[in-house]
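Structure, as structure tokens:
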Amino acid sequence: MTDLILQTRDLTREFKGFTAVDKVNLNVHRGDIHALIGPNGAGKTTVFNLLTKYLPPTTGSIYFNGEDITRVESSAIARKGMVRSFQISAVFPKLSVLDNVRIALQQQQGNSFHFWKSARVLEQLNERAEQLLDSVGLLEFARVTTQDLSYGRKRALEIATTLALDPDMLLLDEPTQGMGHEDVDRIAELILSIRHNRTILMVEHNLQVVSRLADRLTVLQRGAILTEGDYATVSADPRVREAYLGVAADQEVAA
Amino acid sequence: MNTLVRSATAGLRLPLSQPHLGSALLLLAALLAPALIYPVFLMKFLCLALFACAFNLMLGFVGMLSFGHAAFLSTGGYVTGYLMINSGITPELGVLAGTAASALLGFLFGKLSVKREGIYFAMVTLALSQLVFFFYLQAPFTGGENGMQGIPRGHLFGLIDLSDNLAMYYFVLAVFLIGFGIIFRTIHSPFGQILTAIRENEPRAVSLGYNVRQYKLLAFVISAALAGMAGATKALVFELESLTDAHWHMSGEVVLMTLLGGMGTVFGPVVGAAILVAIATLFSGGELGNYIHIIMGFIFVTCVLAFRRGVVGEFGHFMHKNFPASGFGRPQ
Amino acid sequence: SQASLSDDRVRLGVLADMSGPYGDLCGKHCVEAVNMAVEDFGGQVLGQPIDVISADDQNKPDLGSAKAREWIESQGVDAINGLVASSVVGAVAQVANSAEKPILISGAGSNTFTTKTCSPFNAHWTYDVVALARGTVSPLVKSGKKKWFFITADYAFGHALENVATGIIESNGGTVVGSAKAPLGTTDYSSFVLQAISSGADAVALANAGKDFVNSLKGASEFGLSQQATMVGLLVFASDTRSIDADIIGNMRLTTGFYWDRDEATRVWSKRFMERTDGAVPTMAHAGAYSSTLHYLKAVAATGTDDGATVMKHMKANAPDDMFARHATLRADGRMAYDMYQVRVKTAAERSNRNDLYEIENVIPGDQAYAAMIPECDFK
Amino acid sequence: MTTILGINVFALLGQLLVGLINGSFYALLALGLAIIFGLLRIINFAQGALYMLGAFLAWLGLQQLGLNYWLALVLVPLAVGAIGILMERTLIRPIAGQDHLYSLLLTFGVALILQGAFNHWFGSSGQSYPIPDALKGGNNLGFMYLPTYRGWIILVSLVVCLATWWTIEKTRLGAYLRAGTENPQLLQGFGVNVPVMISLTFGFGVGLAGLAGVLAAPVYSVSADMGANLLIVVFAIVVIGGMGSIGGAILTGLAMGVIEGLTKYFYPQASSTVIFMVMVLVLLFKPAGLFGKEA
Amino acid sequence: MNTATAALQTHSQHTPHVAGDEKIRISDLHAFYGESHILHGIDLYVNQGELVTLLGRNGAGRSTTLKAIMNMVGRRTGSIMINGRETIDLPAHQIAWLGLGFCPEERGIFASLSVEENLLLPPDVRSDGMPLEEIYQMFPNLAERRNSQGTRLSGGEQQMLALARIMRTGANILLLDEITEGLAPVIVQRLGEVLQQLKQRGLTILLVEQNFHFAAPIADRHYVMEHGHIIEEVPQQQLHARQDQLNALLGV
């Protein structure tokens, strides 16, 4: 039981009488790649928002590493080691690629309130930043202004930035959305390469990616958990096929 | 707000090759200036320039428009003035006290306002500063409409008599340089780096573990403190503090100075302040005085339509476009 | 006499609200009035030129004081005229007094310049709150208006006006039944007017000036307060009178130091003034600015110097006398005491033209109009 | 009998009614700004100057052309609206899509020019405009005397406010306006002529300021700075009501009139500040204003 | 779902299908964003009742092509004939009235409007748009959230709303950009069927799609783009034969 890194108990969120997330009990094992899937509007993004406190839960509680984080602030959660990415790409567009990563590295340096120091003290972070960029294949773009990157590279940068925090747990919301086939593959590779020593919770509609990466799946429907298990079990469940996968699922994964 | 901030981030940086030479020349000019120009005029300019730079720290570098900075300017002035009149402290301590008082007020304002964004932030700060205005209007020690008169300039460190304009000028110049230095350092510090990140993409900064409200709050307090420092110094220069400094027009004026000079640039507010002070002085008397509002109006309209980046911003943009190697106008 | 001007000329600065709410009562036409005085004096003194510079203080004490300082420190200004808002005058006086330069206060009315903040360099020329209140209020109380209500502009000058008037009312056996302090620049006075109505006062004093006066009087007439009580304008300039419908302001009684149509001398002067100002009606501030300038220049010529202390001494020792200042003295405390006029505003039917505003009912000699000098301010 | 807790009830009723009158006038002013600022998201600092322009045009019309009040009531708002459209086309359109601050600086410049020019031409002491004969006099309501003209102001304001509210909230126009400020290009791609729509809307909002100016001319002194101080209060009203909410602006306008009226009664010195106290409180507890939708 | 397609079918009965008629004809189209030249001489056509896809890698210029048709790019030159009418000089709002409906890739849901207001927003450019009830049948999620603020919807729901919004206007030439993005597989399938139905009703569709598996079975022709050029045209019949070539081009 101790290897549960994240747990929710009866997590619930209502919007004006509409229950978007309904008594969800999520259990994520340490070291897993765990996928959250389900029809549109099932509440996946809302669960992410609840976990990272972008929304306060109506009721229920959240445990991270055994600690109750239900009332902890969003930025503090990130500092505790659970970091998210966004459904739309999130970078600092006017800053250079290197600076993007440095901003994240700076977080652990503890000098972020030091307005009296020269920014040169940040140069000691360059080496680590370049390593991270290298790991996602962006080293040659280090000095480029981020907004000039293509979409796929921005996603890669986002992941590098996230990794800079060296989080125990990563939350990825549709990491491959809007990407061409090549980029999808590249991101999938990347996720596999960083899973070492980490837990990853991801929302993804691309079944190919899910089937390839996920150790475990939780299917949400209308805010509640429909079923859980590995890909084979879940995709064989007729309720999942009816509500989410449709008949094309097999074809697509095979392709 | 964001488009504006983005388009203006191209800041003026001195050519990297000779930054020291450039600064040395400017400093020399500042030291010699009172030989040519009436010192009180220069002092007024320096105080307003510091005020605008402090304001620009919020607008240009955090991307938040405070429409209540007059409250800090006037608090600096009144607190310093009150102490100079009633407690006989030395002027440098007076300025420090005014700065501290504004910082405290800034903390209070910030606590109430940094949660809000965009126009709502502007409106909350405006409303709070109107309450401060009302307080200064009614409080017995400020002299109401008459202003707080007869503030002594005192003796610097108890030694140097500041009632001499030239001595006072060098004191003001020192205060300005200190204030400007703090702002410059803040912008180019690890903290400034985070501010830029917040301006660029706030949710992302949060997700990286930064408690953005605290960063905004600290930036606001620094900005308020320096605005207060400007006000404190101004009160000493004129030996007077009045409601003009607390009125919302003053909050508007600092926006104008910043936009005119170029927001989000380090020197923009200084240039903007120079322009406004110069116009006000040139046109305040004589025949043209009757047209001062009309002339100002035309300047604003032209500025927006033709030089949107502000004087310094346009210059930086021009240099960046035509002489990319010069190091001007690089994104910060 | 041997000329000893500090910088080979006499320079006069005119500082006033030029573009704001008090622009018409002094403003740029005060500059014109000062120019007229300079011309009438011959354009030069002791063989040296006289020049006039001016600035807009926007009614802000800080701007006014900064300007005065600049003029005195860097432009060789010898005396400052105009000076409308009391707050500005206070700030300017500080600067001028310590530089020992005379200020000729033509537009402002607070009585502190000859009491609390008196100085040997203040020449308070045109009027003050005491003269206004005495001239306007005491005859009314004596005629039976015993219950008074004040609508007061919420700033020092308004408060001073109310205080002085209250003293006069009470010493004449009247009572003040209420008072409302309206923020400066209020446009809608209906609420205050209602308060005045429900107070049951039989006289309502407007302790304000300029646009505040105009708007409050309009409100009073609209809501029927004027029918029920006598409206009393404590500080009314001719320019204000002219900008209100005669139906509304007709028959009001007020005190002024100048009316253009008083006699031949004022008419001649005013005609010249109007020709030079596109037909603006001269107010007491304009006439005062003229008169004070003339008196100052005479003193410079007579003493042969522009040294402030010497000139002021001479000005006080010699009585001003021109079309404005009648039976006048410049007292040791700086108060210029002269004949004031209690006038009645003509009704629409009585007016023959746009500038036909007043009928003079009473002349109040200077020593009755103004408060006696206090010993602390006796600068001999 | 007429006093409760030491307060004269009749007097209080009068204050409430007067507050309501002023409130309806605020509502009318706020309405114009709610459209321009709340819906189009253009910060129009010239709104106060255009209100002044409305009053002056009415006065000039009467003086120079013998244009009577009733004609002015129709023609002046149209003229001011036309000026607004011209302003939108020539000055504001070129900076569309830029930060809102630029429109602030620009329109502030326009306001300075207008106010400076009128001050220069007509001086500062103000002009007086007579109340039209048909609206002279008043009625005694028992607790107070209500001038007919004030009644007329309430009537016109409320009718105009309701009609505008209905048009914007209950027809598709309001949705177009909101969509058009969010993403003009896309809306245009759906077949809506966005540039013309924005011009007309801006013109309408400005025209309302002109109308308010005509209504105000007979009761307040017509002078160059008559709109300058009103502006900031009206901005506050729009924000308190909730940006983008027409009904919110109207109701807040009315409420602020009443609150200000009561303040004038109990603590007059604060009457020009009370609205900002309300604003602080409202924004602390309802960040998007009373009737605004949270982003 | 079944009711929805049924509804579509009943509709299609009174809209006779005329084939072979050219609805869009683009020649030598260049488009620019400020200084950058994005499209370099595009030529393509779409016939009445046809469903044509634009394929290509990220950044090839497919979205730009659709926007250029709507006159929503910075500047464009060349010729774009719609229904035989030259539109290169028309402003965007007039182009829409030629019966075009554009569903942008960023969805463009208006935050200040509710779901229903978003749906009702675009004017009906033709009379035979899909009634609201039908739309709600097709996308029950939207029906349920009809009073929510538009941008409060989930990512997928916003995508549905964007598509539904133009189907309501009666537009008969649809320009669809990445409409399956972020949708659950079961919805993607359903959309495939919907597009088939629309095609049968005689609507003309130009589809930009990343998801080749979705596009392949329903399209009549494919254009492949790269760097602002059209580099291949593949009719449906040749699809199978040229699969490998396509895979290489698209990096599948």
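Letters A, B, C, D and E name the chains as they come in the text, with residue numbers starting at 1 for each one.
We take it that contacts are C-beta pairs under 8 Å (C-beta built on N, C-alpha and C of every residue); 3 or more make two chains touch, one makes a residue touch a chain.
Everything numeric here is computed off the predicted structure, so don't read it as measured data.
**Student:** If you take the chains that touch chain C and keep only those that also touch chain D, what is left?
**Tutor:** Chains touching both chain C and chain D: B.
**Student:** Based on the averaged CA atom positions, which chain is farthest from chain B?
**Tutor:** Relative to chain B, the chain whose C-alpha centre sits farthest away is E.
**Student:** Nearest whole angstrom, what separates the Cα centre of chain A from the Cα centre of chain B?
**Tutor:** Using C-alpha averages as centres, the distance is 42 Å.
**Student:** Just give me the whole-number Å value for how far the CA centre of chain A lies from that of chain E.
**Tutor:** Whole-Å distance between the two chain centres: 31.
**Student:** Taking each chain's centre as the mean of its CA atoms, how far is chain C from chain E in angstrom?
**Tutor:** Chain C and chain E have C-alpha centres separated by 77 Å.
**Student:** Hey, what residues on chain B touch two or more of the other chains?
**Tutor:** 290, 292-293
**Student:** For chain C, jot down the residues that touch at least 2 other chains.
**Tutor:** 19
**Student:** When you draw the chains as points and link the ones that touch, which shape shows up: line, ring, star, complete, or other?
**Tutor:** other
**Student:** Where do chains touch, given as pairs?
**Tutor:** Inter-chain contacts occur between A-B, A-E, B-C, B-D, C-D, D-E.
**Student:** Using the touch rule from the top, collect the residues of chain D that touch chain E in their complex.
**Tutor:** Checking each residue of chain D against chain E gives 172, 175-176, 178-179, 182-183, 185-194, 244, 293, 295.
**Student:** Show me the residue ranges of chain C that touch chain B in the complex, using the header's touch definition.
**Tutor:** On the chain C side, the touching residues are 18-19, 28, 53-56, 60-63, 65-67, 69-70, 73-74, 85-87, 90-91, 94, 155-157, 184.
**Student:** Touching residues of chain B toward chain A in the complex: what are they?
**Tutor:** Those in contact with chain A are residues 6, 9, 182, 185-186, 188-194, 196-197, 200-201, 203-212, 214-215, 218, 222, 331.
**Student:** In the complex, go through chain E and note every residue touching chain A.
**Tutor:** Residue positions touching the partner: 57-59, 105, 141, 144-145, 148, 152-157, 159-160, 178, 181-190, 210, 212-213, 250-252.
**Student:** How about chain D: which of its residues touch chain C in the complex?
**Tutor:** Against chain C, the touching part of chain D is residues 8, 10-11, 14-15, 18-19, 21-22, 116, 119, 123-128, 130-131, 138, 144-145, 147, 149-150, 219-221, 223, 225-226, 229-230, 261, 264-265, 268-269, 271-272.
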